[in-house]
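Consider the two complexes below, in which chain A is the common component and chain B and chain C are the respective partners.
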Partner chain A sequence: MRKIIGLLLLGIVAWGIAVSLTRIPFGAPKTKVGRYYVDKGVPETGATNIVTSVVLNYRGFDTLGEVTVLFIATIGLGAVLTTGRRKKSERKIEPASLILYTGCRFLFPLILLFGTYIFIHGHLTPGGGFQGGAIIASAFVLIYLGCRGRRISELGSKLAESLGGLIFVIVGLVGLAVGGYFLINFLPKGIPNSLFSAGIIPIIYIAIGFKVGSELSSIIDKLVEETE
Partner chain B sequence: MSFLNNYIYYIGAFGLIFIGLYIILVKRNLIKVIIGLSILDTGVNLFLISIGYVKRGTAPIFSRPGIEAARMVDPVPQALVLTAIVIGVAVLALALSLAIRLYQHYGTLNLRKIKEQRW
Partner chain C sequence: MIPIVAFLLIILMLIAAIAASIFKDLINAVIAAALVSLIAAILFYLLQAPDVAMAEAAIGAALVTAVFVVAIRRTKRFEE
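Moving on, here comes the complex of A and B:
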C-alpha cells in the first residue's frame, strides 16, 4: 500500500518535471551571468580558473556561508556524539600487519602533499580548498584504517579549523576597511597563470583547505571513536 | 533516439533523484533512508552540472593561451556543486551520528517501531 502511494506520488512529480524540462534545452548556454564571468573573469580577478573566481571572488560571501554550514554540521556531530555517557571499554585492537602499516605510513605524507598542491594551485588548475581538504581528510582515513590505534591530535585539528575560518573572515574585514566592501580583492592581481597571482584568492583557498581538511578529519575521528 | 541523446543527463539525474525519493518514502530502516538522502544529493548535483553544460564545451579554465571563452561551459553551477559536495558529506555524517544515538536509545533502527515507543 505504502509502495503504491509512493510510486503514484513520484509519478505525478515526474510528469510535472518532465513537462517543464522539455522547455530547457540540454547543451545550450543559459545564464547571462555565466557568460559574463567567463568573458571578464581573468582581467577582473586574475584567476585563470573561472570556477575559483566565482567561488571566492564574485560569490565569496556565499562561500563564507557554506563554510559556516560545514562548521555547524561538524559542531552538531560533535555535540550529538559526545553527549552520551561513554563507557570506557578497552577493546583489544588487533594490530595491522607490517606491510599494511608501512604502506600507510609511506603513503600518508604523499597524500598530504598532493592535497596541499591541489589547494595551493586552486586558482590555476582544477581544484581548490574544498577538494584539497577532502584529499587531506582521505589521508587521515587511510591512517585510521591502516594504522589502528593512531589518532589525530584534537588540539591541532581545532587549531587548524579555527585559524582557517578566522583568516577567511579577517581577509574579508581587511577588504572592508581598505576597499569599502567585504571580501574586496585588495591585493595586486599579478600576471595570470602564475602562482602568485589573483590577489586574495590563494590565501582564502589555503585557509579553506585547512578548515575543510581538519573538519572532515575530525568527523572521521569522532565516528571512529564512537565505534571503539 | 534524438530525445534520448538530448536529455540523457536529465534522465539520469532525475532517475537518481526519484530513486532517492522513493527510498525515503517507502523504506523504514533509518540507515536505508540516509542512503536514499545521499543518492538524492548525488542526483541534484548531477542535474545542476548538466544544466550548465554547453555542447562541446571545455572546462572554464584558461590553462594555456589559445582557449577561446565562447566554448566554455557555465562556471556558476560548477561553483555551487563544488561546495555542495563537501557539505553533503558533512550532513551525511551528521545524519549517521543521529542514527547511532537513536539506535543506542531505542535499540532499533526501524522508524515505525521508534514511533510506537515512548521515551
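Moving on, here comes the complex of A and C:
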C-alpha cells in the first residue's frame, strides 16, 4: 500500500516536472535584464566574467545575505556538535596507508594553490570565492583522510572567517560613504582582462574565498572531531 | 558529438541514482550519489555553465560525500 502511494506521488511529481519543462522555451531570450548584463556588463563593471559581475556588483547585497546564511549554518552546527567538553580521544589513531599519506602530502598544496587561483581570478575566469573556498575545503578533507591526527587550528579558521566577513562589510560601507550606496564599485575599473581590474570585485571575492574555505573546513573539522 | 556524450552521461547518471537508492551498503550508496554529482558537474560544463560545474564538483562530489561518510561512521553502515 505504501509503495503504491509512493509510486503515485512520484508519478505526479514527474508529470509536473515534465509538463513544466516542455513549456520552457530553452535558448529564447525571455528577459531584457539578461541582454543588458551581456551587453553592458564588461564596460560597467570591468569584470570579464559576467557571472561574477552579477554576483558581486549588480546583486552584491544578495551575496552578503548568502554568505550570512552559510555563517549561521556553521554557527548552528558548532552549537549542536561541540557541547563544551573537548576530551582527548583515548583510542589510538590508525595511520593511513603509505600511498594515501604520500598522495595527500603531495596533492594538498596543489589543491590549495588551485583554490586560491580560482578565487583570485574570479573576475576573469569562471569560478570565484564560493568555488575556490569549496576547493580549499576539499583539500582539508584530504588532510583528514591521509594525515590522521592533524587538525586545522581553530583560532586560524575563526580569524580567517571573521576577517573575510568584516572586509566584505567594510568595503560595502566605504562604498556607502564615498559613492552614496552600499557596495558601490568605487575603485578604478582598470583595463578589462587584467588581474588588477574591476575595482572592488577581486577584494570581495578574496574575502569570500577565505570565509567560505574556513567555514566549510571547520564544518568538516567539527564533524570529524565528533566522530573520534 | 556533444549530444551523444550528454545522452550517455545522463543514462549513467540515472543508473547511479537508482543504484544509490537500492544499495544496502550505505558507503556504496554514498559513492553512487557522488557519481551523480560528478556527472551533473560534467553536464553543467557541457551546458556552458562552468561556474556552477565547479561548485557542484567541489561541494557535491567532495564535501557532501565526506559529511555522509562521517555520518555513516557514527551510525550504521548497513541498511536493514
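The rule we apply is simple: the second predicted complex is superposed on the first by the 199 of 228 C-alpha atoms of A that agree within 3 Å, B and C clash if a C-alpha of one lies under 4 Å from a C-alpha of the other, contacts with A are read in each partner's own complex, and residues count from 1 in each chain.
Here is the rule we use: a residue touches a chain if its C-beta (ideal position, glycine included) is under 8 Å from a C-beta of that chain, and two chains touch if they have at least 3 such contacts.
Note that the coordinates shown come from a computational prediction; the quantities given were computed from them, not determined experimentally.
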Based on the superposed arrangement, let me know which partner A:V224 touches: chain B (first), chain C (second), both, or neither?
second
On the A-aligned overlay, A:I118 touches which partner chain: chain B = first, chain C = second, or both, or neither?
second
Go through the superposed model and pick first if A:F130 touches only chain B, second if only chain C, both, or neither.
both
Look at the residues of chain A and decide whether chain B or chain C touches more of them.
B
Is A:P192 touching the first partner chain B, the second partner chain C, both, or neither of them?
first
Looking at the overlay, what does A:S138 touch: chain B (first), chain C (second), both, or neither?
second
With both complexes superposed on chain A, which partner does A:E154 reach: first (chain B), second (chain C), both or neither?
neither
Where chain A meets both chain C and chain B, residue numbers
49, 51, 126, 128, 130-131, 134, 216, 219, 223, 226
If we count contacts the way the header does, which residues on chain B are in touch with chain A in the complex?
6-7, 9-10, 14, 18, 21-22, 25-26, 50-55, 59-63, 69, 72, 74-76, 78-79, 82-83, 85-87, 89-91, 93-94, 96-98, 100-101, 104
What part of chain A is in contact with chain B in the complex they form?
2-3, 6-7, 9-10, 13-14, 17, 21, 24-31, 33-35, 37-39, 41-42, 48-51, 54-55, 59, 63, 66, 69-70, 73-74, 76-77, 80-81, 84, 124-126, 128, 130-131, 133-134, 192-193, 212, 215-216, 219, 222-223, 226
Chain C residues touching chain A - in the complex, by the definition given at the top
50-51, 53-55, 58-59, 62-63, 66-67, 70-71, 73-74
Would you tell me which residues of chain A are touching chain C in their complex?
49, 51, 118, 126-128, 130-131, 134-135, 137-138, 141, 144, 216, 219-220, 223-224, 226-227
